[in-house]
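Note that chain A is present in both complexes that follow, paired respectively with chain B and with chain C.
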Partner chain A sequence: MTDALSYFLLSWTDPSLLALTAAGTFAGIYIGAIPGLSVTMAVAILISFTFTWSVNPALALIAGVYTGGVYGGSRSAVLLNIPGAPAAIATALDGYPMAQRGEAGRAIGLATVMSVIGGFIGIAALAIAAPAISDIALAVAPRDYLLLALLGLLLVGSLSGESFAKGLFCGALGVALGLVGLDQMTAEPRFTFGTTALMGGIPYVAAMIGFFGVSEALVQLRRPDLPPIRQQVERIVPPWAAVRRHAPLTLRSSLIGVVVGALPGTGGDIAALLAYDSARRTVKAPTHPFGQGAEEGIVAPESANNAAVGGAYIPMLTLGIPGDAVTAVIIGALFIHGLKPGPMLMVETPHLFWFTVGNLTLANIFLLVFGLSGIRVFAKLAEAPRALLVPLILVLSVVGTFAIQNSATDVLWMLGFGVFGYFLRIYGFEVGPVVLGMILGPLMDASYRRAMISAADDPLEFVMGFGESWISGGLAAFCIAVLAQAGLKALRRKRGRA
Partner chain B sequence: MTARAAPRPPGEAAFCWAMVLLGAFVTWQGSAIGHFDGPSAAGVFPVAAGGAMTLAALVAAISATRRAEPGLGPVLPRDVAAIGVLVLGYMAGLEALGFVAASLAFLFLAILWLQRGRVLRAGLVAALAVAVVWVVFRMVFRVVLPQGWVFA
Partner chain C sequence: MITRRSLGALAALPLLPGAAAAQAFPARELTGIIMWGAGGATDVVARALTPIAERALGQSIVLQNRPGGAGAISVQAVATAAADGHTLLYGAENPQLHKVLGLGQRDYADFFPVNLTARGVAVVVANKDKPWASMKDVVAEAQRNPGRLRMGATGPGGLPHVVGAMINTVTQMRVIAVPFDGEGPGLTALQGGHVDFMPVGLGAAAEHIRAGRVKPLAVVNTEAVPTLPDVPPITADLPGMARLLPWGPFYGVWVRREVPEAARTRLVAAFREAASSEAFTTLMRNAGNIMMNISGEEADAFLRRWQSVTAWTLQEAGAARRSPEEFGIPRP
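Up next is the complex of A and B:
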């Protein structure tokens, strides 16, 4: 116990580790805030120049960048409607409307505090329940991933805006776009039209920047005479009463974040979307309607995506299986330093586990400090006149997209999606479901086919498979309950109108 | 949630019918993927996605056609069209001139157009913005930016 505590406090008491964690968190916030600069890319670059360092400083820096980066995406999502990272897509849905109301400072403050609370819950789960959560993550079968993706896609219903048909169209369009490229199971080309440029698929970050950022910039130009929105930056730290009011939602969303983060192949983006969907279904009296600047629309995704950091570390440290793309890169770093993440880690190198837990906790404290500072300056961005802001958003979108993989083709895609998104929006289609479909479609496709193959292509056996484990049965029952609830709601609305 | 939001420009029904065609095209392309030799074939999801697109767009198109409300305002207002043309030029310029020259030109012209004049302010903001982006992306994060071949 004393040993565990000393390992936990190592980065708190060593000045160089303390400084590296702080620097990593600070850099991570701004890397996350800039569209096109991803946390995965930053961590991969860090590994290339930290591999000559000893293991603790390297891990301290990486943990800081990871923690800061997952949160950082919320800043550009709130201020410019361009999620800096996919994990901030759900945050943009209510964060940007808050900024449009002059409450950007409050939105970012709320996002910061909720990210930190979510982060702490994720770390607590890592420290206390890692083996149990790893067992659950290993027991999750392809059909369960299918149900999880389906649950996420049901969010299309609440993101559809005025017309469910238009929302469904956009969600299905997103699924089709997500399937472009070589099939990950059979390597058959899908929607590639014989061109090699499409074999690798369409990068969804480029689509996200186009659909959210460029289309928003173009729509703003339809009303060039509207004055800039004055931002209230007097009170950025959410009052204690607000934190207390949101506590049950924060806890629920963080738990979703931990579990989804621990599932291999998922990550903060899916966790945030599922938590947002859950909040829309369960919160009866949000501060504003969802999609129009509800505080709950920030609380849920922000606590979930940072809780997913702790969740993603769980299978990595206990099983040697990455929870998301960043932890996959971190596993590489651990191997470079001669460590073997996996079941023997707690036996052979227990210090690594407790050092990581302590380091992530420290990074979250720095996140609170750096996250709450500079908000006044950032919030002023949203006050800039449209004549300056729109061209700057367009340049940032181009550079950010080019930075993903140095590809001019990606920039063309991004601009194309931006223009298409403009037409979708002016005719009442919501662009959120398109990006949702692009993220969840491929996961759903692969999970469905794996489950179907394991059922020997027999639809009856496939359906019976949902009764084979408590996870599948529970998820299936939950999906049916959600669908029934949506059906009842629609029926009541129809009767009300009649 | 069901109330209509902002007034629409004309052409909503035509756009929805174009989306029906897009959905039908996706379904047709999806059906051409591999062999449909079982429920786990590679084409199942693409066809399902295309089918859902077609049906949903059809519902939206019929609804928009029935409503037949007269549209308000232009589809492409002057500013949107002008910035659209500048973006096209920016794309062409990026490949030829590289990031710095193309972005400077785009920002300068776009700001000049949108604020209806004020040359000095447009030039200063454009130069400052390009400098900041260059320092952050190229120098701090070592991201490769388009080089261009005219000044190479």
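Up next is the complex of A and C:
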């Protein structure tokens, strides 16, 4: 136990490790905030960079970048309506309306505090329940991923804005866009029209930047004369009472984050979307209606996506199986540093586990400090006149998109989706469901076919499969309950109107 | 012309000593395009090799992952970049099958092998709760219940697909191949009991085998390998496989064929040095890979033989979309 504690505190007491964790967290926040620069990419670059270092400083730096980066995406989501990463899409839905109300500072403050609380819950789960959670992660079958994707897609219902039919159209469009490219199972080209450029599919991060960022800039251009919104920057740190009031939601969202983060097929983006969806369904009296700047709409995704960090480390450290794209890269880093990431890692190098737990804890403390400082300056960004803000959004969108994979084609995609998104929006179609469909469509497609192939293409055996494990059964029952509830609600509304 | 060339030499003078500096390679930083995603086997090889090669070249190599189309996207990107040696392709075996699988019109015949770095060995692993003790038991059960056993796979042209096809050329075995996004996700499903067995690269499975979380049945080789001395070679149960072996995935660095001789020589030397380094060879050994570190004609010969064996195996198993004959790929 004292051994564990000394490894836990290693990066707290060693000045160079302390400095590296701080630097990593700080850099991570800004890498995460720039759309297109992803944590996965940053960590991959760090691996070459830290190749000649010993393993501890490399891991300290990576833990910082990871923690900071997952949080950073919320900044640009709140201030500019461009999610810095797919995990911050849900944050934009209520964060940006808050900024439009002059509460950008409060929104960022809330996102910071909730990210840190979520982060701590994720770390606690990693430290206490890692073996149990990794057993659950292994038991999740392809058919269960199908249900998770389906649950995520149900969010389309609440993102549709004025018309459910229009929302459904956008969601379906997103799913269809997500199908473009070489099919991941048969390598059959789908909707590629014989071009190599389309073989890799339509980059969904580029689409996300176009749909959210560029279309927002274009919408703002319609009224260039509107005065900028005055931002209140007095009360940035959420009061204790608010934190306490949101506590049940924070806990619930964080647990969703931990489990979804630990699942090898899903990461922080889907965790945040599922948490947001569950908040919409369970919170009866949000501070404002959802989608119009509800605090709960920030609490849920932000606590979930940072809790997913601890979650993603769980199967990585206990089994050598990555919980998401970033931990997959970290496994590569451990290999390069001569360690053997796998189920024996915890047995042969137990210090690595507690060192990581200590690092992540430290990174979350730095996150609180760096996250809360500088908000005043950032909130002022939302006060900038449109003549400045619109070009800024456009430049950031182009640079960020190019940075994904140095591809000029991606920039064209992004601009195209921006213009398309603009027309969707002025005709009352929401762009959220399109991006949602692009993210969840491929997961649903692959999981469905994997489950069906596993059942020897026999529909009866496929359905019976849901009775085979408590996870499948429970998830299926939950899906049915949610659908039934939505159906009943719609029915009641219809009767009320009649 | 003369003026421009002397101007170039003048401009280069302060940076590089020597009058011939104007023609020196590399003239600027290089770009390395990795055909698979971050964290995969190809990515790990690329990122471990590059820092050492950078030192030998005296220039940095900016790495980018351009996955998609089983490597076709990256192959296309490098093939259309300038043939000056500043764009490197970090790849695996996949392009050698693109033609017969209908994924693309290019293979490594269009590229010069700067370094064929290492090759891997495959191993057939099973869920640890299965009663099987050898490959023979799997084949027997598959024949008793045709079309019921689930084999983890990674899509057409992937290692499980090819090994499965090889087994099928020597014995009849009908199984359900469930495709996953890679060897890692497939191994995860294997441990969760969602598939029954899976042929995978030894590097991906080694640690899971050592921990006893998956059961090794056979190494796809004609003799046992040092990392797994107690696991029998697949030829012990299926002697007919011998004519197709050795076979396995491989990793390396390529440039366009048209790259000038001087640049090629410089790159070959730099990457040979990188691949001989202690740190790198240890990494490869730990991953269960066999070092190759060959280039030029020697590497080309290996690549041609690999393509001929694999393409015709797929053709015999009915897994090729287009016959190797169409592309003039000779029978092994």
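FYI, the second predicted complex is superposed on the first by the 498 of 498 C-alpha atoms of A that agree within 3 Å, B and C clash if a C-alpha of one lies under 4 Å from a C-alpha of the other, contacts with A are read in each partner's own complex, and residues count from 1 in each chain.
Here is the rule we go by: contacts are C-beta pairs under 8 Å (C-beta built on N, C-alpha and C of every residue); 3 or more make two chains touch, one makes a residue touch a chain.
Since this is a predicted model, take the numbers as computed values, not measurements.
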Q. Is this a clash or a fit when chain B and chain C both end up on chain A?
A. fit
(Q) According to the stated criteria, A:Gly338 is in contact with first (chain B), second (chain C), both, or neither; which is it? (A) second
(Q) Quick one: is A:Val463 in contact with chain B, with chain C, with both, or with neither? Answer first, second, both or neither. (A) neither
Q.
Quick check on the superposed pair: does A:Val369 touch chain B, chain C, both, or neither? Answer first, second, both or neither.
A. neither
Q: Scan A:Leu5 for contacts with chain B and chain C and give back first, second, both or neither.
A: neither
Q) Can A:Ala172 be said to touch chain B (first), chain C (second), both, or neither? A) first
Q: Once the structures are superposed on A, label A:Leu483 by its partner contacts, choosing first (chain B), second (chain C), both or neither.
A: neither
Q: Rounding in steps of 10 degrees, give the angle chain B-chain A-chain C taken between C-alpha centres.
A: 90
(Q) After the superposition on A, what does A:Thr186 contact: first (chain B), second (chain C), both or neither? (A) both
Q. After superposition on the shared chain, which partner residues are touched by A:Ala44: those of chain B (first), chain C (second), both, or neither?
A. second
Q: With the two complexes superposed on chain A, say which partner A:Ile128 touches: chain B (first), chain C (second), both, or neither.
A: neither
**Q.** Minimum C-alpha spacing, chains overlaid - chain B and chain C, in Å
**A.** 9
Q) chain A residues touched by both chain B and chain C? A) 45, 185-186, 406, 453
Q. Which residues of chain A touch chain B in the complex?
A. 31, 34, 36-37, 42, 45, 161-163, 165-166, 168-169, 171-173, 175-176, 179, 183, 185-186, 188-191, 193, 218, 221-222, 224, 289, 385-388, 390-392, 394-396, 398-399, 402-403, 406, 408, 411-412, 415, 419, 422-423, 426-428, 437, 441, 444-445, 448-449, 452-453, 457, 459, 462, 493
(Q) So in the complex, the part of chain B that touches chain A is made up of which residues? (A) 1-5, 8-9, 11-12, 15-16, 19, 22-23, 26, 29-30, 33-34, 38-40, 42-46, 49-50, 52-53, 56-57, 59-60, 63, 73, 75, 77, 79-80, 83-84, 87, 90-91, 94-95, 99, 103, 106-107, 110-111, 114-115, 125, 129-130, 133, 136-137, 141-146
**Q.** Footprint of chain A on chain C - complex, ascending
**A.** 37-40, 43-44, 47-48, 50-51, 63-70, 72-73, 76, 101, 103-104, 147-148, 150, 155-157, 176-181, 184-185, 187-189, 191-195, 206-208, 210-211, 213, 282-283, 286-287
Q | Footprint of chain C on chain A - complex, ascending | A | 40-41, 43-45, 47-48, 51-52, 138-142, 181-182, 184-187, 196, 199-201, 264-265, 315, 319-322, 325, 328-332, 335-336, 338, 340-345, 347, 405-406, 446, 450, 453-454, 456
